[in-house]
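Next come two complexes, and both contain chain A; in the first it sits with chain B, in the second with chain C.
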Partner chain A sequence: MITLTVALLIGAALFGIGLYGALSQTNLVMIMMGIELMLGAALVNLVAFWRFLHPDVYAGQMFFLIVMTVMALEMAVGFGVATARFRAAGSVEMEEAAELQG
Partner chain B sequence: MMVAALAILGPLVAAALILVIRRGAAALALGGAAVGVGAALVTLARVAAGGRYAATLPGLPGLPLRLAVDPLAAVLAATVAVVSLLVLVYAVGYMAREADQVRFYAGMAGFSAAMQGLVLADDWLLLLACWELIALASYLLIGFWFDRPGAREPATRAFLTTRAADYGLYLGIFALVAATGTTAIGPSLGARGGVATVAGLLLTLAALGKAGQVPFHGWLQDAMAGPTPVSALLHSATLVAAGAILLLRVAPLLPGTVLLVIGLAGGLTVLLTGLTALAQGDLKRLLAASTSSQLGFMLLAVGAGSPGAAIAHLVAHAAMKGALFLGAGVFQHARGSTVFAALAGVGRAHRRVYAGFALAGLALVGVPPLAGFWSKDAILAATFASPHRAALAPLAILGTALTGAYVARALRLLWHGTGRDEPVVGLAPMGAALAGLAALAATLGAAFRPLQDLLGVTLPEGTVAPVVGLVAAAAGLALGWGVPAGRFPAPARAWAAAGFRLGDGLGGLAVTPTLALALALDGLDRRLDGAVRGVGRGALAAAAAARAVDTGAYAAIGGVGWASLALARATRRTDERGIDRLIAALVRATRDLGARVRRLQTGLVHRQLALAAGGALLLLAFLVVGGLLAGG
Partner chain C sequence: MAVRLVAVALCGLAAVWFGIRVFRTRSMVRSALALLFAMAALGGLFLALEAEFLGVLQLMMMATEMAVMAIFMVMYMMDPGGLGQMEMTHQKRLARGAGALGGLGAAALAVGLALGGGWGPISAAAPSPAAQNHDLGIELMERSMMIFETAGVTILVAMVAATAVALGRRR
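Here is the complex of A and B:
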């Protein structure tokens, strides 16, 4: 039987991996994959809290669906940006993109 | 009244036309004078027939100018007009070679017009105006030869002397008008008591000045500096006669004391100026002194209470003295001078003129049946009948003798001796005028009887007076003809010839009192000045105190201002160094911070992400700590 603690541990592990990935990778696609992992960890936590603490309230499921939609939109926008960047600079390496420096 | 007014308007219009047209001056003046004579004679005839005229001209508001013709005015107007005409006829010859005829004839015509105005005026205002016009005209005419040496001073002297005496006229008129409330002459003469005495004395003063009486007699002899026709007109019918006419007009007003003063002044003048005439070395000056003397006779008559005798003598004297001056003018032209030394024997060269001159002179002395006999006779009789006969009668007798003496002396000096004669230009008009006046002087005596009826007066008569007068005149004539002037003591002669300068109007009676008055006024002025200075000093002290207060107030205000300025300066300093600096520091700090923060913005994604993660961790830490603190 999986307990809440196990679920939270899995969520935390996923978040840590995602964070590391997002911070360590230089490729835009890889950074976005790290972010996806962190979002997934958050989703795991959301589901776990709903299932173990308030299973009778449907608002948790609705919140989960909204986050999934946001993830899809985020991916679409992120890949749009990556495509444009690639077309303009011929690369998606973020170490080479310092145009937004203040 | 229209005809009577022509007597004024004729000469007046002539004078105006002469000044405007500026040529034919003599003809215009003669025309005007002829109109005047015609008007005056017609008026005299009408008045003799019982006519009386009066007219009121619009003058100043509430002060109308009145003209009136009564018998006295008609007689005087006729005298003035006739003498003026004859003198103008004479002037045609006398002035033939003179330049500036316009000025001469305009002055003469204006003079006649002013004199007629004076005679016909029935209003003090009009009389005063004419009186002043006469003074002005006489000034202009006496100074006619103003470019010759010694002609200006006599004109000024005549003007100033008569003007000084005119104060009497002004003050007397003021007194009369104030007392009676009217400027009409007739009603104002109803004043009585103190007013009458004071006004009478003041008017007498004016008359003495105008008539050349002691003590104002000096100017009259100096006035000989003018042309001879001017002298003739001045001395016979106009200027000096104005003084006598004034007294005749106001005779009803005069109380006994004033009459005595007039009589004594006249008598004294008769005597003193008679002596002056006797000692004169100049024919015209002799005649001038004689004029004063003869006017003194008129004043004697007025003073003796017989204005009628004075009027008779005035009329007779106008003719006699006019003729004498006209003759003197001919002699002057013949010898180029009027000094007796130069005139010696001139009478034998101009026998007809000498005859006219002698006729007029004998008439003046009072030889019957010439005009002067009747008038002087009346005056002598009047003094004998006067209450003051003790004082007046001897003066009159002595004066008669003196008249005889100086006339005889003049006749003798003109007849004897020899001199070089020059041809005389214009003898015909001069001779005609002289003949006219001499004829009048001879025959006017016959007119005195109707004159008495016309004027409504009776000339005093007596059995003693004619005899005394004749004896005195004869004695005078014998003295003058037989005894040369050199027999007189020299100092007395010089003093008399100078017109008794000690008693002279300007010198003795005007200048000295004026100087004394000026000195007194000066002292008063100095005292006033001291008082004013004291007041000034007080004012200065007050001003100094006020200034001190003011200075204090100024300092206080300055202090307040300085404090305000200091406060403002401090505020500014605070503003600049405090708030401004604070703001500047804030700005600088913000800018520095911004610069630092800017460095965070590297534009590198992972760096941003790392920061975001750090931030999230920080938030988490806050949450945890907060939750622990809240929970704990």
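Here is the complex of A and C:
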């Protein structure tokens, strides 16, 4: 129980740090780093729940693989957008991308 | 049990420390390295939680991913070394509040459920690494095959989309 709670607390701390980073940073790559940390927090929770609650059911590990896929996709699409933005505006600073607000 | 708890706590604290360092330095290269170390510490955490396959996967994948990220940072940042002391943050108060609210809310939920016994019975032993690999393979190829295949197709679509977006319009 203690180890599970410690793992969940670590996940909570990482989620908070990631959320702070995603909201406070002006650079697209740094925002992606914040999102990566939040997804890392989700991974910690998934592994902790699998290990301590249902180690005989592998849906938890499957979910882990899906979240890891999402992390990779976020990086790929994010860098694609960053490349397009850099070509169009010469910068990936989101403060200078007000026209993307919609 | 105690050894595992210490290992989980140490790896977790290292991950949190490096996670904080990501946003506490003006050097983008240091930020990328701090995130790499945070993700590596998470890999160690997974190994300490006896999820050997996932831990090794995390270490291998994140090392590659962060190396790619560092290359992009040097390419796109106006000041990747942080020597110009550029200010690269905004809405700090909102971000701090949201981060604290999210983190403390999740922590309160975890502690509250632990104290209230809401998690139910806790499993003492995990399957052996070989059994985990075997059973995860069976899970991937049987019950979760459609999800697995969908993830593969999604990766392909994202690769094509990212390349198309990055190429832009050609005359």
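Going forward, the second predicted complex is superposed on the first by the 98 of 102 C-alpha atoms of A that agree within 3 Å, B and C clash if a C-alpha of one lies under 4 Å from a C-alpha of the other, contacts with A are read in each partner's own complex, and residues count from 1 in each chain.
By our rule, a contact is a pair of C-beta atoms (placed from the backbone, for glycine too) under 8 Å apart; a residue touches a chain by one contact, two chains touch by 3 or more.
Every value quoted in this text rests on a predicted model; they were computed, and no experiment measured them.
After superposition on chain A, the partners chain B and chain C are seen to fit next to each other with no clash. In the superposed pair of complexes, A:Ile17 makes contact with chain C only, with no contact to chain B. Put simply, more of the residues of chain A are touched by C, taking chain B and chain C as the two choices.
In the superposed model, A:Ala98 makes contact with chain B only, not with chain C.
When the shared chain is aligned, chain B comes close enough to touch A:Ile31, but chain C does not.
Per the superposed model, the minimal spacing between any CA atom of chain B and any CA atom of chain C is 7 Å.
Where the contact sets of chain A with chain B and with chain C meet, they give residues 19, 23-26, 95. Against chain A, the residues of chain C that register as touching in their complex are 1, 4-5, 8-9, 12-13, 15-16, 19-20, 22-23, 28, 31-32, 35, 38-39, 42, 45-46, 49-51, 53-54, 57-58, 61, 65, 68-69, 72-73, 75-78, 88-92, 94-96, 98-100, 102-107, 109-111, 114, 119-120, 122-123, 125-127, 132, 135-136, 138-140, 143-144, 147-148, 151, 154-155, 158-159, 161-166, 168.
On the side of chain B, the complex with chain A involves touching residues 597-606, 609-610, 613. By the touch rule above, chain A contacts chain C in their complex via residues 1-21, 23-27, 29-30, 32-34, 36-37, 40-41, 43-44, 47-48, 50-56, 58-59, 61-62, 64-66, 68-69, 71-73, 75-77, 79-84, 86-88, 91-93, 95. Per the touch definition, chain A reaches chain B in the complex via residues 19, 22-26, 28, 31, 94-95, 97-102.
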